[in-house]
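Everything below concerns the one structure shown next.
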Amino acid sequence: MDTWHAHRRAFWTFFLPPTAWLVLFFLAPLALVWGFSFGEKRGLVEIAINGTLENYVRALDPLYLRIFGKSFWFAALTTLICLAVGFPVAVAITFAPPRWKPILLLLTILPFWTNLLIRTYALIAVLRTRGYVNFAAEWGWERADAALAWVGLGDLHLLGERFEPLAMLYNNTAVVFGLVYVHLPFMVLPLYAALDRLERSYLEASLDLGASQLRTFASVVVPLALPGIVSGVIITFIPALGSFLTPDLLGGTDSQMIANVIERQFKSANDWPFGAALSFLLMYVTFFALALRAAASRGRSAMEAA
Amino acid sequence: MSAAAGRRLAPGPLEYGRRAWMRLTLLATFVFLYAPIATLIAFSFNDSRRNIVWRGFTFKYYEKAWNNDSLIEAFVNSLTIAFVSTLASTVLGTLAAVALWRFRFPFKGPHEAAMALPIVIPEICMGVAMLAFFARIGWPTGLPWPLNLGAITIAHISFSFPFVAVVVRARLANFNRELDEAARDLGASEWQAFRDVLVPYMLPGLVAGALLAFTLSLDDFVITFFTSGPDTVTFPVKVYSMVRFSVTPEVNAASTVLIAITLLITGIALWLQGRSGARQLPGKG
Amino acid sequence: MKEVRGASTEPPIVEIRGVTKRFGAGRPAVDSVDLEIPRGELFALLGPSGCGKTTLLRMLAGFETPTAGEIRIDGADVAGVPPNRRPVNMVFQSYAVFPHMSVFDNVAYGLKVTGAPVAERRERVREALGLVRLDGLEARKPDQLSGGQRQRVALARALVKRPRVLLLDEPLSALDAKLREAMRLELVNLRIAVGITFVFVTHDQDEALSMADRIAVMEHGRVRQVADPAALYEYPSCRFVADFIGKVNLFEASASAGRDREGRLVLEVPGLGALPVPHPEPVQQGEIGLAVRPEKLRLGESRPDAEIVFEATVEDFAYYGSETRLFLVTEGGVRLSATVPNTDRGPVRIERGARRFVSWAPADTLVLTE
């Protein structure tokens, strides 16, 4: 690696354009919103940045605390379900025959690359009252009803007068379902990366020394894969916490998350300072989670160095 | 390794991939991930407005979507933004990657962290930041096409180029610096060595990064949602407004087209990466 | 004779005067090195890893700038001359053959960037590829070549520039053992064919001994000795060189008992007693080392008529095919290793615990004052 002052011209050629762009069109907007979070709304579009903490205080209002709490709960539940589902999937991919591995990995990554909006839309199409799941259920109901009529029990309406479609959308369950659907690949990939790095001989040694498969899993696989688990948990938790589209499209009036509140402050409610404060609270949580992850990976390299 | 390949033996102690319940988990997961999308694609070809009973194969919803002017306009907007954003992101991302790979400079750690921010912060935060920023600096609205797409394009470049930088830098990490030195030793100037050796070496990373930037731009909804106005609707934003309204086979058709484009681009990117990965030359460190 | 070439009136092609290179604080990587390399020599920089030999080579190529000192190539001071303007070319350790260019384009690259006409380029590339016996492979890509062929491309690519000095950084280390052996000879012949000075860096003493006209042995950034291979092996100037090149039995003399009637130095070695060594130069009292190469030791079952002889027990032995190495301990408790060529076919007739008489000639003993 060269020191920058040994090749000043080359250095500035490479360094300046991206850095200037980042400062101007990314850091400056962020700084502006950060400033707004300490500001006060004066008139329709005017905001005075006067160092007030009022916006942050307002975020502690029980109404918003409840939404924060709910967002955390949704994100945590999502992460937990993803971990429970993702771990066996990651194990299965890790120990799959070599020629299957890339295909399975590709299948895991591919949904990543499909538009988030379209994936969410697909869930709506499948789950809504006139959706495919309900259609299949209705078809089943009709057959069952006809079968009952055929054996002479038709008048009793054992299955109800009419088919009642299942209400699978616009509630909290739908939001968590959608979040899991969207974020599962985020969990599987770091878990896979950690498991793939794991030396097979550790597992073999454990089995050879008399531990059962379960015991080996608990006292060898999990501790060694821990950095990967931490990484996966954080990588899943952060975007889940900041989700906007999933609760917006799949949730009911009671399933709003922080991002939806932020959006409302900036669009319909037009209270930018408060929206800015909420948005930066979300950022602080993100930074905290990232710091945790960095600490975990530092712990890992320290462990490997030892 | 695989002795007795002909016979079916019980899975070995570490052959978890061959255990039935493992396979079942995999299968169930992939059904969960793919069934909704597959259904959506399948029913875009269904000749029925009600959308849920299969009544035969048709392209008519594709035709309908094609004749939907506002949808096509949004699509053209999306492609325009994606092209410009890809071009700029690739250049900026590559410059950043080379700068970080080649030079030691003060505050490099914080610089790298700042460069990673657009990748890690919640989209909503970046979205509102862009909204506030363009409103504050009084970015002109109502410009003629395509200049009216400027704000969205700038936002897209901001979140795309760090991704390009990551991809290109990963490629550079395996570069054998002796190649650059060899070019210099043979009489090439610094610029000639860069052009003749480093750029060709980075090329697969460059292309993969560009394709990534393209799909990121084409797919983005949240950040675009905050930077778009009534006359600058992109495809995802248009689909969003249609989805809020109702589920129609036209939306299915339009979504299918977008999925196809994304998959095609992703496929090319993965193929290129695989090819460049297989061509590693032996070299030191 | 090599001495004659060095004494010729022609100025040396490479002059290195007081060159020091520091990377940050701590011991310098290269420490006040003075070297002269005469025209047409095959010169080796030999030393363990981290001794500064590669840094020295890279300073000749222009990739590192000396912290102090002066480098002259063909009489001209090259300070501040960038690598692309120096009359030297390098064969890199990894060969650094451009993976995206054909063999032809690789070899032609150095001519192309300096603007040589197309016809001349074609002619010179053809010539250079012929020199390294790669004719007919012009269109191949590097990933279609073997390791040995890639090395030839790297050689041709450097030679086509007709450098005053060709620099080679561990040229054989990336090849497998068999090929390495063959390439040694080929490099020597190639140098004779092109008549260019070759400077190569190696950590492999066999490589240096078998190829080089002269060798500079380096340790901790300093040159410890410059000599032709035989002189280096038989007359090492210090303990480091004696130990680094080949195998050696090293003893520390506790005192000098003066000179005997024949004027030989008599040194007292603990466990071995007084040993006579021919060494006309005066020596400082104390810190004198004695060394004798294992193959100079004679072993016999009966006491030979020799000046230096000890009775010893075989502790261990190892069979190496062409020779057998024995590890012995004398009655005085001194350990010795001896190498015996396996001139006869048949089982090794030695066993642990056997008694042997060990002897060597006083003239085979080296005196090391450093």
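Going in written order, the chains are labelled A, B and C, and every chain counts its residues from 1.
Operating definition for what follows: a residue touches a chain if its C-beta (ideal position, glycine included) is under 8 Å from a C-beta of that chain, and two chains touch if they have at least 3 such contacts.
Computed from a predicted model, the values in this text were never measured in an experiment.
K.L.:
If you drop chain B from consideration, which chains still connect to each other through contacts?
P.N.:
Ignoring chain B, components are A | C.
K.L.:
Which two chains does the highest number of contacting C-beta pairs join?
P.N.:
Chains joined by the most C-beta contact pairs: A-B.
K.L.:
Of all chains present, which has the mean Cα position farthest from that of chain A?
P.N.:
Measuring from the centre of chain A, the most distant chain centre belongs to C.
K.L.:
Of the chains shown, whose Cα mean is nearest the mean of all protein Cα atoms?
P.N.:
Smallest offset from the overall C-alpha mean is found for B.
K.L.:
Would you mind pulling out the distance in Å between where the CA atoms of chain A average out and where those of chain C do?
P.N.:
Chain centres of chain A and chain C, defined by C-alpha means, are spaced 61 Å apart.
K.L.:
Measure off the straight-line distance from the CA centroid of chain A to the CA centroid of chain B, and report it in whole Å.
P.N.:
18
K.L.:
Centroid from C-alpha atoms only, then distance chain B to chain C, rounded to Å. What do you get?
P.N.:
Centre-to-centre distance between chain B and chain C: 55 Å.
K.L.:
Mind listing the chain C positions that touch chain B in their complex?
P.N.:
Within the complex, chain C contacts chain B at residues 61-63, 82-85, 89-90, 92-94, 96-100, 109-110, 113-114, 142-143, 147, 154, 157-158, 161, 174.
K.L.:
In the complex formed with chain C, which residues of chain B make contact?
P.N.:
By the definition above, chain B touches chain C via 176, 178-179, 181-189, 192, 196-197, 200-201, 279, 281-284.
K.L.:
Which residues, counting only chain B, touch chain A once they are in their complex?
P.N.:
Residues 13-17, 22-23, 25-26, 29-30, 32-37, 39-40, 43, 50-53, 91-93, 95-96, 98-99, 101-105, 111, 114-115, 117-118, 120-126, 128-133, 135-136, 154-155, 157-158, 161-162, 165, 190, 215, 218-219, 221-222, 226, 236, 239-240, 243-244, 247, 251-252, 255, 258-259, 262-263, 266, 270 of chain B touch chain A in their complex.
K.L.:
Which of the residues in chain A come into contact with chain B in the complex?
P.N.:
Residues of chain A touching chain B: 1-4, 7, 10-11, 13-15, 17-19, 21-22, 25-30, 32-33, 36, 45, 85, 88-89, 91-97, 100, 104, 106-108, 110-111, 113-119, 121-126, 128, 130-132, 135, 181, 184-185, 200, 203-204, 207, 213, 238-239, 241-242, 244-245, 249, 258-259, 262-263, 266, 272, 275-276, 279-280, 282-283, 286, 290.
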